[in-house]
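Shared chain: subunit A. Partners: subunit B in the first complex, subunit C in the second.
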Partner chain A sequence: MTLDYDGWIILIGVLVAACCAIPGSWLVVRGMGMMGDAISHAVLPGIAIGFLVSGTRSGGWMFLGAAISGVLAAVMTQIVHRWGRVDRGAAMGLVFTAFFSLGLLLIVQTADTVDLDPNCVLYGAIELAPLDTISLAGLDVPRIVMPLAIVLLANVGLTLLLFKELLATAFDPGLATAQGFDARWLHYGLMVLTAATCVACFEAVGSIITVALLVAPPAAALMLTRRMRWVIVLATALGGLAAVLGHFSALTVPGWILGGGLDTSSAGMMAVASLVIFLFMATFAPGRGVLARRWVSRRDAMRVAVEDALGLLFRLEERAVMLDRVEVEGLLQSDVRIGGRLGTVLTQIRRGSLAEVDNGAWKLTESGRTAARSLVRAHRLWETYLAGRASIPSSHLHAAAERLEHVTDPTLAEQLRTEVGDASDDPHGRPIPPG
Partner chain B sequence: MDRPPEIQPTVARGSEHDPDAAISIHDLTVAYDRRPVLWDVDLDVPTGCLAAIVGPNGAGKSTLIKACLDLLPRVSGDVRMFGSPWRSVRSRVAYVPQRETVDWDFPVSALDVVAMGTYGRLGWLRPVGKAQKQAAMHALDRVGLSDYAARQISQLSGGQQQRVFLARALVQEADLYLMDEPFASVDAATEQAIVEVLRDLRSSGATLVVVHHDLQTVAEYFEHIILLNMRVVASGAMDETLTADNLRATYGGRLTLLEQAATALGRLSKDR
Partner chain C sequence: MYLATSLLDILLLADWNTRVVVIGTSMLGVAAGVVGAFLVLRKRALLGDTVSHAMLPGVVGAFLVMQAFGGGGKSFAGLLLGAAIAGVLAAWAIPVLRRATGLKDDAIMGVVLGGGFGLGIAMLGVAQAMPGGNQAGLESFIYGRTASMVQDDAIGIGVTAVVTLLIAVLLAKEFRLLCFDESFGRALGRKEGVLDLGLMVLAVTVTVVGLQAVGLILVIALLIIPGAAARFWTDEFVRMVSLAGVIGAVACWLGASISAMAPDLPAGSIIVLTLSSLFGLSMLVGTRRGAVKRIIQSRKLRRRTGWQHLMRAAAESLESQGTDTWTIEQLSPLRSWSTSRLRALHRSAIRRGDIISCEDGYALTESGRTAADRVVRNHRLWELFLIRHADIAASHVDRDADMVEHVLGDELVAELETILAGSDVALVSPHALGGQA
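Our next item is the complex of A and B:
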């Protein structure tokens, strides 16, 4: 099996995304997404020093240097936070910018003697990666694949091995520590893992885009699932998707905009794609997405409006007030919770055959009357209960009952009935309908 | 420091640990940023009793529990559980932190959280298996939440979350339970359910030390009381210890002077 140029870029991108998704998921659920940002920048001096010592871009020196400077940055953040009495975010900002500029200085200063390009560190050089190959079991494989594969294996292996320890220390560090799983060691272990991931990834996509891949896919996954193992699996899948989409859009998007045969940075487009995926999930995810939540609150508001309308019809009927259709609709319109929804409310009422227009006037049907009766019953039970138990002044009873009546199920209504004893009328002298 | 005459601790100050005590604390001092929170705490809780720690806000109730579990550094002092250092009896001790200390939006189910109680016995690297899940299910059942096992924890009410924490402690099958405000902001039904579980544990021989904030119910729920305000004001059987004098000494004006002194001391060391 051999891959062409684009195939290798996609494979490298997917490897990078998968590497980032695992420590990224743990960072995001710990509320430490910014730590990923900090570490990805803070490894730079370690990389530069490792590179100076060994004179090569491969090999363990760079990983060692990066792991040391990553953990050092995490420790120093903690020290600045505790001793400098600044909040954690500010402490991170201080430490990682200091580390990053130190790293840049080192690279620029030694640029004559070593082949490490500051631009490459920032943005990566995924387009060049497939050209720099080594021979592996008779195959020409991009050199960068090896460190990525090793880090990915390490990330997968450690997460499988230490899943319960990572979970416990992330959720409840106090209990985990009391059980013998020292939360601090796992914290720094995660920092080492993040640092190693950053080194493996920075050559392909640079330190800035690594941050996007650490944070965006896990954040998108959290929109879809609320189980940690699935967060990790989905973050990996969504990160891989971002890599594929990123590369293809890097090839095609500038063509749409500029109309030429130009293409743009694949790494940059991978970050953009991961952001787009996150925004898509945040908008459309069932349950947690913005639309789903809006739909639920809209549906609730509609239900309340329909119930209010039925309640009004019931009360008119109860007092034998005869109003024609226009007058009733005018009254409904003036209810704040119906108001502009009147058209939809009337359509729903008609469709559910809860009420109908008969002889130019609105009349409840049998099923509509039953629904309205239990609503009014709940309302009056609440008023009676609140007046007796909570000594709420009678002028405030109606507003409170008006909210509560919509969330009272038959069981609760029965409990209220028992609580208010043998009261047959509410505090305003209206009869409480039987259940 | 002279002890005011009306404060008569029922446990004598001694240099020896009581070997029969479930928890025995000697000379414990804890400070946040050099500001002392607990001073010279000497305390023995007998094995097999249901004990409440009571005291005003900032009295160091949670601090006492955390310091016993090495979750906070001590300035000085020694803690023994069942006559041994805490680390060697770790698996016999269960801890229930305050509910607000964790992120309830965390992506785990109620069952996942309860299963965390088994982690200590499992030790490093061994994954959660069928036996642990069954134990967790059983514990959830005991607190009346078996129908909620698969729920993500943010979908539980405050009282249900507190019961999940209790179930997580149950699954540890410990001999000593240290609980930090298990009754905080729960409804009356949950409070009764929790009390039932505590009494069950007590009758099966366990020792429970519970931070409690409600003086109305403390005598009803507990048989042993520790009155704490930066130091142990009094500790002993409920009837003898819950006296007006002791309460005044715990909540009254005299000890706020001590607190002022501690604040001043903290400021002094900071300036230096």
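Our next item is the complex of A and C:
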């Protein structure tokens, strides 16, 4: 199997995204997303020193250097936070900037002798990666594929091996420690894994875009599910999607906007694609997305409005107040929870045949009356109960009961009935309808 | 020798252009230190980091727009305006996204930071690929460009910094409320959202002008390190904020001067490393919370505690045995201390003149007797208080009193005596003496 130039770039991008998604998921659920940022900056001096020692970008020295400086940064953050009593975020920010400046200084100082460009560290050079090949089992494979594959294997292997421990320490470090998993070791282990991932990825996509791929796909996955294993799987998939979309949009999008066959950095567009995927999930995810939640709250608001309308009709009927259609609709309009929804409310009432217009006036149907009666019953039971048990002054009873009546099912109403004893009227002297 | 004279020349601002750059950068240091101190106290440090990274698309976007309208894309004010717009947008997006998704702050910041920076890189790629585009100089926003700064830039930086500083000083009282007692501030009618936004705008302004000096990755250091370092020297708000300004200025002065000495010393890195060194120094020797100070304090406490333990053990041993002298072997079961520690305690008490060594072991001197009586008395007062007022059983009270007695001041002892007045002030131990068994 051989791949063409674009094929290799996409493969490398997908590998990078998959590498990042695993430690990224753990970081995000631990509330340590910005630690990914800090470590990806902090590995720079390690990379530079490893590079100076070995003189090449392959080989273990760079990984070793980066892992050491990544963990050192995590430890120093902890020291500054604990010992110096500096806020965690500030501690992170000041440690990683110090490390990053040191790394930048080393790179600039030795720029004449070594071929490590600060730009490459920041934005990566995925476009050049397929050109730099090594021979592997008779095939020309980009050199960078090897370290990425190894780190990916390590990430997958360690997650499979330590899944339970990582899960326990992420959500209940105290319990995990009590059960004999040392939360601290796993914490630093995760830091090592993150540092190694940052090194493997920085050459392709740069250290800051690594942050996007560490955090955005898991954040998007968390919009879809809260089961950890699915978070990791989905984050990997969404990261891979971001890599593919990123590369294609780097080739096409600038051309659409500005014309002239322009293209741009694939790594940059991968970060943008991961951001777009996150925003898409935040908006459209079923259950947790903005639209889904808005739809649920609208549905609830509609149900409350319809119930309020039925309650009003029931009370008018109870007091034998005869009002014509326009007067009733005016009253309904003035209810804050119906207000602007009046049209939709009336349509729903008519469609559910809960009430109908008869002789120019609104009349409850039999099924509407039953529904309204149980609502008013709940309302008056609550008022009686609250007045008796919770000593709420009678002027405040109505508002509380008004909220509770919409969430009271028949079982709860029965319980309330038992609680209030043989009271037949509510505190305002209105009869409590039978169940 | 040459190095020393050239450093001196630069520090004393012999060269005109260097002088302007160093002064401008130092003004920036003051403003960043002061605004950053508020940011640190408000625990918004990483927000600044996110915002500064997310400024890149603003800078490049402004360049592209200006290029499109034939402005050549090099107007500095235009680029900074772009950065400011992107920064404010990012600062606004974070709380909006947090509310919309219910995810934690760190994830949202990571997404905005990485995504925003990636967008900037992608736009930079476009700018580089555009025919006739002269994008040289855009990268200086990432790394800073103190070396190539000219008089006008430095004056611009200086003026913006001074204005920012003035606004920060005028709003200091409001920010103090925001940082320390948000709810009291709300009760006074201060709009916390508006103040937070104001703080963010100030931070974005400092960041924008800071881009030129240290670049967008490192500018956050300029904001947070001075405030965090100042915290080791003082607990007083105004002093802390002013000190943060001074630290920022000194670091920028030194950093800009040192980096002017050689062409391959990037100013951003040098300034940040200077700041980090100042932070490390403060963390070590800060007079308020520094490590040395805290180590000395804890040693002092340990020494006093050890001395009090010895005096009480000796006095109680004498009381229960009815003798005038004691030996190390008699004291060692009274408390879990090693024999060597016990010997060391004896030696230091001898040096203080509280006990003397004699042939039967050790004996209290006259001053030692008084001191030991006072230690025992404090312990028993506290025990009595715990038994009477905290309902702690007599058998358990020794341990509890042991933990508190070392920090009893004279006033507290006097108060205890008042509370326990009328009771048996001769103070016999409420439990059997002789160890913690």
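The rule is simple: the second predicted complex is superposed on the first by the 435 of 435 C-alpha atoms of A that agree within 3 Å, B and C clash if a C-alpha of one lies under 4 Å from a C-alpha of the other, contacts with A are read in each partner's own complex, and residues count from 1 in each chain.
Keep this in mind: a contact is a pair of C-beta atoms (placed from the backbone, for glycine too) under 8 Å apart; a residue touches a chain by one contact, two chains touch by 3 or more.
Here the structure is a predicted model, which means the values were calculated and not measured.
When the two complexes are overlaid on their common chain A, residue A:I150 makes contact with neither subunit B nor subunit C. Of the two partner chains placed by superposition, only subunit C is touched by A:V215; subunit B is not. Contacts of A:A400 after superposition: neither subunit B nor subunit C is touched. When subunit A is checked against subunit B and against subunit C, the one touching more of its residues turns out to be C. After overlaying the two complexes on the shared chain, residue contacts for A:G31 are found with subunit B and with subunit C alike. Legend: residue contacts after superposition of the two complexes on their common chain; A:I392 is shown touching neither subunit B nor subunit C. Judged by the touch definition given at the top, the superposed model places A:L167 against subunit B, while subunit C stays out of reach.
Look at A:G89: by the touch rule set out above, it reaches subunit C but stays clear of subunit B. On subunit A, the surface patch touched by subunit B in one complex and by subunit C in the other comprises residues 31, 222. Per the touch definition, subunit C reaches subunit A in the complex via residues 40, 43-46, 48-49, 53, 97, 100-104, 106-126, 129-131, 139, 142-143, 217-218, 220-221, 224-225, 227-228, 231-232, 264-266, 268-270, 272-273, 275-276, 279, 283, 289, 291.
Contact residues on subunit A toward subunit C in their complex (touch as defined above): 28, 31-37, 41, 80, 83-87, 89-94, 97-98, 100-102, 104-105, 108-109, 111, 118-119, 122-123, 206, 208-216, 218-219, 222-223, 250, 254, 258, 260, 262-265, 267-272, 274-275, 278, 282, 288, 290. For subunit B in complex with subunit A, the residues that touch the partner chain are 66, 69-71, 90, 93, 95, 97, 101-103, 106-109, 112-113, 116, 119-120, 122-125, 127-128, 152, 154, 168.
Against subunit B, the residues of subunit A that register as touching in their complex are 29, 31, 161-165, 167-168, 170-172, 174-181, 222, 225-228, 231.
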